[in-house]
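Below you'll find the structures, each written out as structure tokens.
In the two complexes that follow, chain A is the common piece, with chain B as its partner first and chain C second.
Presenting the complex of A and B:
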């Protein structure tokens, strides 16, 4: 489908139409507590959105996998247990102005959420949601989307991608959902883009800017990591890591959860699914008190190998979108782009050494 | 800096310590570094971006650090108060750590930002600091810089909260704590959170709601903050680590003020001063303890 040029007013009309039709519209908004920050929050009008603001503090994953959600409710009585299931269909929502790294994270997670068990809550929200991505100018030198096969104009995970241009936004449909949006009022009447006006042409500058931060992760890295589980590199890797898991909380692709029963009274309660992180010591602590990942270095190795070896070998996709939030949030200065650079170098020299 | 590097090199070379906990220039600003090889002492730096409270690494919960052997630690005044707290509460022994204190002219809020100290960049912890020349030390290095710019930002926030009605304050904290995702980063970075088994992690019985619900979040912060009474050294690392940007330091600051008012106690870098919650006095104003 030929991209269209959407004016600011057409986009405002789209938001107004959606909101009037009871569709929840979520967009990056300046944080009330600190205008230097932004969050993905529901908006009523396009003016509420901060398209040119900073990278939202949290990624998009919480709109599909909330920090806590009820899986079922239970009530015990003398004849047994009554279970009440939760709704797995959701009202429609549109995410407008998703950063490409955040949109990509959602699509990457579809693989694990639909793997051995189709997660009804995840896919219920996925089906109810349309993601309109917005090309990113690049945040700072902790961005490395282009090193993990994406880019500041990547369409992965978006149904429709908007790229700022003269006269508004170039809108490129990515999925049938995105096409449907372009073919409907108020975007239907928008003019087609000129022949040379493409995402690639418009966004070359930001692509080059981000690419300077980190060279692409080599395709041999997953295999090298798989056989380098006992490499000495891991021993001192995470001395400074506090194991706080702030990286995992903000990560668009970290998806581990814990399931807990939350009693409300002596006879009833909720079973909840809560975000969890492999960076905390208790994540792998067995009931016997044995812990297979005793040290923080082992836990950090897990984080790196899950993202760059286990997941890609199983699902043919890195479990990282290069958003850089982990590096920005870490109170102790752990830095994933730095680690990837070091691992790439190690993998390169060791593979070369073996073939000689 | 030369002084610091030379001292670190000497301590490592003559076997006095196995590791020096200090600061280095990382890819994104200043960060903690663990120097075990005298040749690596060159990495050590000290400037206004040395924000992190390294005392957190002496905390016995950090087994991966204790395993490295006897440590020397680079401290500022606020960090020295934390080291003193750990000694006071029998978490470490004074003789097991070599303290390299730096005369301090204040630090910035963001270790990845500019090193220039202004009213806008200075850390809120530096306001009114009287430990710029730590007394708890084995070595005291550097020349005392002038005091940092005094920011009233934090005092204003505290006063603003104090001026609110209980209902307004309740609404303020509910709005803040709604953002909490219960990652417990505030606990993990805190040098004074040293419990091996945190009540928040207990499942049987479950003392507080472990889900990121407003009720659970409130209960968690109340518990954390009350356990910090008489412990919190005011380094604000909890606030810096919070991925949800909740102004957690306001809570601990409030409790610290209450402790000072009721017990005449302010955290200090003298480990011999008894902890207010770890001692009692026969002339205590409350009868039940007499």
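Presenting the complex of A and C:
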């Protein structure tokens, strides 16, 4: 399907129609506490959205894997236990103005959520959601989406991608869901012709800007990491890491979770799954007090290895979208793009050294 | 159905194995679930005490006994201590069976040596009874079992039963200092007991479960006896939450213990980074 140009007013009408039809529309919105920040929040009309604002503080992950969610409810009585199932179907929602790094994170996680055992809570929300991505101008020096095979105009994870252009937005359908949306009123009224504008040409500037931050991660990195578990690089790397897990909370692709019972009254409660992080000391702690990952360096190695070796070797995709949030938020200055640059160099020298 | 929704099971019987290990015999409350339930020796489940949470235990009974499952649990953490407070008739949650299993089909027609230490006998017990229930299909069966002290030996009634059998050889020992005046077995560490048992490696499989230190010193003995790495089996006991390859907790290098394991050959273990 050829791209078409959607005017600002057509997009505003779309939001109005969706909201009137009881569809939840989520978009980046300037934070009430500080307009220099933004969050993905429900909007009532297009002007509530901050398309040109800062990168939202948290990724889109929480709309598919909430920070905490009920898995079941139980009630104990003298004859046993009654269980109440939670629903795995969800009302429709549209995410408008998703950053390409955030949209990509959702698609990357489909793999782990769907292999063999299908996580109905994840896919129930996935099916109910349409993601409209918005090309990103590039945030700052911590961005490195182009180093992990994506880019500021990447379509991965979006059903429809909008690229700002003369006259509004150049709209490119990516999935049948996106195509269906593009064929709906009021977008149908938009002119089909893109007047010679292409995504390629429109977004060359941001692509070049982001590419300067970090060269592409080499395809040999997953294999090198798998072999370099005992490399001395890891030993002192995480001495300054607090193990707070803020990086994992903000990460679009960190998906580790805990399952806990929340007992509420004397006879009833909920089983919940809560976000967790491999950076905390208790993550792998056995009940016997044995811990396979005793030091923060071992835990940090796990985070890097999971993203750039374990996941790619298993699911053929890096577990990172280059959003840079982990580097920006870290109170101790752990910097993943910098670390990736160093690992890439090490891998390059050692692979070269071995072949000589 | 939501993946995380457990089946309900009733505690039918509780057996005290040691001062802190109990075996729970469980039956599905829903007869349809009971009729459809199948598993293989080596698989595990997520057991829950409602209000306390879920824990991962192997299924310690054999798949040849279809009416129930058993798990043997050491009281060490939040869920296992809560489990200890429950009586016969109480309701538990169960998700499973999960994970891979011992290669029973490949083992048919061959000899098997089972080596276990302490509560490590639980996963092995499922396979031992599976093999003994189909005894004609296997050659020699040797069981080598040890614990720190006499009180720590689990499944004492079954050990007595195995000792009586003419179609299986049982070697049992307690660590030096762990014997009681009436102890009739050996006083030795498991690797030493294994050397004494000296099972033949020809056309044989070895299955080893126990504390890491025992496994560490037992493997060289097996190698010396001539067992190749791909016929030595063990299990990894990583902390798990989901059991189904989602929660990211049990990774050892590229391996999801919950899906690729918990049963591994020594050959596979040697490929893994020291992250367990």
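Keep this in mind: the second predicted complex is superposed on the first by the 352 of 356 C-alpha atoms of A that agree within 3 Å, B and C clash if a C-alpha of one lies under 4 Å from a C-alpha of the other, contacts with A are read in each partner's own complex, and residues count from 1 in each chain.
Criterion: contacts are C-beta pairs under 8 Å (C-beta built on N, C-alpha and C of every residue); 3 or more make two chains touch, one makes a residue touch a chain.
Every value quoted in this text rests on a predicted model; they were computed, and no experiment measured them.
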Side-by-side fit of chain B and chain C on chain A, or clash = fit
In the superposed arrangement, does A:74 touch chain B (first), chain C (second), both or neither?
-> second
When the two structures are overlaid on chain A, which partner does A:112 contact: first (chain B), second (chain C), both, or neither?
-> second
Could you tell me if A:314 is touching chain B, chain C, both of them or neither one (first, second, both, neither)?
-> second
Given the touch rule stated above, what does A:55 touch, chain B (first), chain C (second), both, or neither?
-> neither
Check whether A:170 is in contact with chain B, with chain C, with both or with neither, and answer first, second, both or neither.
-> neither
So, A:136: does it touch chain B (first), chain C (second), both, or neither?
-> neither
Between chain B (first) and chain C (second), which, if any, makes contact with A:260: first, second, both or neither?
-> both
Is A:83 contacted by the first partner chain B, the second partner chain C, both or neither?
-> second
Looking at the superposed set of three chains, what is the minimum CA distance between chain B and chain C in Å?
-> 5
Touching both chain B and chain C, residues of chain A | 260, 263
Partner chain A, residues of chain C touching it in the complex | 1-6, 8, 10, 29, 48, 50-55, 76-78, 80, 91, 93, 237-239, 241-242, 244-249, 251-254, 256, 259, 273-276
For the complex, which residues does chain A have touching chain B?
-> 31, 33-34, 37, 57-58, 67-68, 141-142, 236, 238-240, 242-246, 248-250, 260, 262-263, 272, 274-275, 277, 280, 282, 294-297, 327-329, 331-333, 335, 337-338
Residue ranges of chain A touching chain C (in the complex, touch as defined) = 71-72, 74, 76, 80-81, 83, 85-86, 88, 112-113, 115-121, 226, 229-230, 255-261, 263, 269, 271, 273, 276, 278, 283-288, 292-293, 298, 302, 305-306, 309-310, 313-314
How about chain B: which of its residues touch chain A in the complex?
-> 26-34, 52, 56-57, 63-65, 68, 111-112, 176, 181-185, 187-189, 201, 203, 206, 209-213, 237, 240-245, 247
